[in-house]
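Below is one structure, written out as structure tokens, with a few remarks after it.
Per-chain residue numbering starts at 1, and chain names A, B, C and D are given in the order in which the chains are listed.
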Amino acid sequence: MATKKIKVGIVGGTGYTGVELLRLLAIHPDVALTAITSRGEAGMPVADMFPSLRGFVDLAFTDPASANLSDCDVVFFATPHGVAMSQAQTLLDAGVKVIDLAADFRLQDTAVFEQWYKMPHSCPNILSQAVYGIPELYREKIKSAQVIGNPGCYPTTVLLGLAPLIEQGLIDFSAPIIADSKSGVSGAGRKAEVATLFAEASDTMKAYGIAGHRHHPEIHAQLTQLAGANLQFIFVPHLIPMIRGMLSTIYVKLSAKAAAVDLQSLYQQRYQNEGFVDVMPAGSLPETRSVRGSNMIRIALHPQPQTGYLTLVVVQDNLVKGAAGQAVQNMNIMFGLAEATGLGVVPLLP
Amino acid sequence: MATKKIKVGIVGGTGYTGVELLRLLAIHPDVALTAITSRGEAGMPVADMFPSLRGFVDLAFTDPASANLSDCDVVFFATPHGVAMSQAQTLLDAGVKVIDLAADFRLQDTAVFEQWYKMPHSCPNILSQAVYGIPELYREKIKSAQVIGNPGCYPTTVLLGLAPLIEQGLIDFSAPIIADSKSGVSGAGRKAEVATLFAEASDTMKAYGIAGHRHHPEIHAQLTQLAGANLQFIFVPHLIPMIRGMLSTIYVKLSAKAAAVDLQSLYQQRYQNEGFVDVMPAGSLPETRSVRGSNMIRIALHPQPQTGYLTLVVVQDNLVKGAAGQAVQNMNIMFGLAEATGLGVVPLLP
Amino acid sequence: MATKKIKVGIVGGTGYTGVELLRLLAIHPDVALTAITSRGEAGMPVADMFPSLRGFVDLAFTDPASANLSDCDVVFFATPHGVAMSQAQTLLDAGVKVIDLAADFRLQDTAVFEQWYKMPHSCPNILSQAVYGIPELYREKIKSAQVIGNPGCYPTTVLLGLAPLIEQGLIDFSAPIIADSKSGVSGAGRKAEVATLFAEASDTMKAYGIAGHRHHPEIHAQLTQLAGANLQFIFVPHLIPMIRGMLSTIYVKLSAKAAAVDLQSLYQQRYQNEGFVDVMPAGSLPETRSVRGSNMIRIALHPQPQTGYLTLVVVQDNLVKGAAGQAVQNMNIMFGLAEATGLGVVPLLP
Amino acid sequence: MATKKIKVGIVGGTGYTGVELLRLLAIHPDVALTAITSRGEAGMPVADMFPSLRGFVDLAFTDPASANLSDCDVVFFATPHGVAMSQAQTLLDAGVKVIDLAADFRLQDTAVFEQWYKMPHSCPNILSQAVYGIPELYREKIKSAQVIGNPGCYPTTVLLGLAPLIEQGLIDFSAPIIADSKSGVSGAGRKAEVATLFAEASDTMKAYGIAGHRHHPEIHAQLTQLAGANLQFIFVPHLIPMIRGMLSTIYVKLSAKAAAVDLQSLYQQRYQNEGFVDVMPAGSLPETRSVRGSNMIRIALHPQPQTGYLTLVVVQDNLVKGAAGQAVQNMNIMFGLAEATGLGVVPLLP
């Protein structure tokens, strides 16, 4: 291809979203990986830490201080919360686009951000221009965005699961929306912690974050914006002994006018042109492995006529559509590429 | 101890509830294992099939036809649905008590039984005297019962989770009760099936039975009976890549009068004398492994004040409190033993 | 690309090697999937059985009887042993190349075949022309082969692990070669069996086949042929609770002349032009996940100077380099394509 | 029972061997748990950290400085290497017996200790009186021991696997003994480390420590002592994605006189009075789960007549017979109790 390649930098390449970006970008036909930073591992070849990348990534980690990120066309932040907002202005000034996989640009309400992330928001002016990066909801804005707040993993499942209903006014908000979500352990990150050791987290499961999880305000804000109305939202995440994979079971009370709507058709039409949203046949029970390693999200509808509720089952790979894959999808849109470029991986099953 | 031992027979000893009964009864101080039947494995020493029992169980499987079950004091049926009801009358006539771990004696409404289990109920007269075997709800009846319908695994979690609320009239039945339940794979039984192969069921998860699971009518009937009122119940079970363990996350709308009630105290008082129900401290997030191998069930309360809902998290070992352990607990009650006899196993962690 | 696509048929598409072929071939740029047969599932869309393939494979399974396999350019057999040899002649007569992923064309000695596979070999004349499909050993023959006996998973690890030593005469055959191999459970196939249920095979491991495993004679025959000498071979496979992945730890006594050889360099030179053999840096400890989903095999050398032994660690994905990936690699060679075509998947980590 | 209970202290109760000691001792009929120390968690109820112990252990962790360990009858050290030797003299002076589950008292050669553990040995005089705690080999010495060096997990499998051969002079030491060992991840301890995270260590496996593992000199010293001869020993441990469980596959060249020996009988006789060593029937393939949670070790013999080698398969629970269970077994012997007291747990299967 004659096109000039997109020069890509990754800040924080040693976590799971970082290595997942590398897996995807290493074979992206229009990308030239230019710099991968890590404070702790500067000088180490990336493929020494992740032998899966031997032969695919020749770069070494560079120290953030010496990495010339301003030469990039786009920089991904696969870092803890707070890093992207400290570096965004410099990059933007140099004409570099920013895609943050942490939470710095997800919550427009800085008070809410500060409450949940325990730090002041340092660049509300950038935040106000940032676009929440779910292409299926905000594609037009993403096209011209300079800064993307790449969504949390849980929010992607709940928002794409509910959007068609909300857009058509089919939810009865007198009852809370309930999302009972389950995540593989990679969602907790590549951090040395006892709670996510193999011997602690395998052959067992638990709920967590019931009293308050950072994705609750993110989902709530997005749902409220989509609905243009107040609503109540109960969110209970669970930790499941699998590496990747996320499944949200969503319970929602339908409004009176939903009775006249063929919901299965509604979803199929809403997402018919979306390459990464798969509305499953009625009655389907999607498994998380059906999207392992891929950017696909699958949605199945299960109406419960006796109760007036609809149960939705949504699955994705938390590291792909829930993180790095969606980030690449956003990049493709921002640079005018075909949206699926580099994202054609077939899910790994078994 | 000078007491004469209880002579125990087990019909169908090759499945997971069967071997779990053996694990528990092999060291029960008041039990003499007398016969373990298996049509397919007659003649094989039990410990050849389950080497974990070498040195603990010396019996061989016997053919059901030649097993002299009438000499037993009690017979456990760890069989497919339908077997217990075909043999119960003969045993009862011989003065043998019956504890069925399948569904034959769980549903008092035979029409419902026939709808879900696709077979006619062959002994409604025995069914009408059978007691639903949750000691914490029906202990007095169990004491004098000749036949126990040992509950399903999911129902035990939901019923013990909700009983204190229902008994006190604290649920607003205008909203459906929602139980989002998760089970380890052993719940599917020890049957040669592709869907539960290691390579199919590990590192993935799914919902199943949304359109209709046999435990739905069982739970619904019991809830209705406890409540003395009609109510709506949504039940979504999920298959989780762990061997044992069950966690139910229950979402329930509280009634107006609940606002004045200290729910945590209510639960602690309700279960204060129950040796196998552990009301966790407020805010707890119990893991399934905290009960691995034990008969304990743990309940944690998570009120969601903004929505008027209460979220309950209930964990048990599906093969113990959810099956074989509860069956032994019932046996202990039926024979006047201390209820915890033989059930003092410390959960295996990690 | 202007090249005409290769028309590919797959016989037996419902097992793990079958679905793995589909995963690889679905995005192979030079392949047109033409027919996928299954006796039991004829008529079912492939993507209904394997939702991971939704959007990638539009074919339905066809009955073997009605599949027009003679129109294909190549047919893969992902079937039980014995099927390929019953159909090979017809296909060859029609000018169709055959790649058998079962054992029909692996063992040149039909007496040995019959001893281990308990069936007569029905086409020794085809067998005698069949090529054992390890490209790194037999590439030239594969180029012109009409029939490939695709190697067993274990043999690929042992043979590529030992070939450089044998070729240079560096093994002391007075001691047996010992291969202690470990395989993920997918190696047992997608068959309904109790022993490989999740609840039987997870959180545990075992050795198996010590008294005799079908890959023993296959490895022994190949080693003997490479060495041009008699040798002794001890092989103990183990079943490991992981879906994919194979690791062989090989213990070999070095000959006197090995003392003067830089073994690390020897291996690096031997495999320097091999795109799918990765000789790891000295002292490396490769993990099976470093090749998950990819056709790469990694080899690490660990000399044990005090004993005169060399320990080799070899890892591959048993379904890719150990089966379907190597089969595609063979196909690429047979049709004059670049050997890596369609095999550029980055391993999935984590 | 009228006997006075043994007052037990545990130093370092927050690791896996610590909680395993608690699991076993909590229901030991002759033990009174007196103190459990933890520098980091002083004041926290033990059952808050390990909810599996709710209702079984009422103690809180105490600071090592304030714990009155001198009042105990025996103190177990479930600590990092080096702690026991710093405190042993004080305890011994107070008449307290010491059982160290770390390595301080395993290696009689302090130079070897210092080479492998990178610290000087601070009390060689105590070391010289310490007994290596494998009851099946050193029971008489254990009876009167004041200090036990509880063996490493791997050494227990290799030594009990080989002892009968060595005692009878049936090994040809001209070839190295090879132990290819596999361990569950709990063997790495309850430490916050990236390498043993669930997302790093599940669905994968690797060899480790080939260049040198601390159990190599321990096994080598013990083998040499048993044999009264020099011998060569190759040891390759592997990390397996299971919580508990250890399997050693041992390859040994038999001496000429072994040809006349019925090895199966030899093993059965050697261990016939050993309650925790189970010689499996000829040809058995024991699974690690067959000993999950129990103190049993199982050994299976697989002669390989063509090669003159014997392959042994040995399984144990690394945390029980490989650590805490063997420590309790030693305690029972030291205090004149029946050796199996408190160790009658039936393995948990499935």
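A few remarks follow.
What we mean here is this: a contact is a pair of C-beta atoms (placed from the backbone, for glycine too) under 8 Å apart; a residue touches a chain by one contact, two chains touch by 3 or more.
Small disclaimer: the values here were computed from a predicted structure and weren't measured.
Across A-C and B-C, the chain pair carrying more C-beta contacts is A-C.
Taking each chain's centre as the mean of its CA atoms, A is the chain most distant from chain D. Distance between chain centres (mean CA atoms), chain C to chain D: 39 Å. Chain A and chain C have centres, each the mean of its CA atoms, that are 37 Å apart.
In terms of their C-alpha centroids, the spacing between chain B and chain C amounts to 46 Å.
For chain C, residues that reach two or more other chains under the stated contact definition are 16, 184, 186, 190, 199-200, 202-203, 241, 243-244, 286-287, 289, 292, 350.
By the touch criterion stated above, chain B contacts chain C in their complex at residues 16, 184-186, 188, 190-194, 196-203, 241, 243. Across the interface of their complex, chain B is touched by residues 16, 19, 23, 26-27, 50-56, 186, 190, 202-203, 243-244, 278, 280, 284, 286-287, 289-294, 296, 298, 319, 344-350 of chain D.
The touching residues of chain D, when paired with chain C in their complex, are 175-176, 178, 180, 182, 184, 199-200, 202-208, 210-211, 232, 234, 236, 238, 240-245, 247, 249, 251, 283, 285-289, 292, 302, 304, 306-307, 309, 311, 313, 315, 350.
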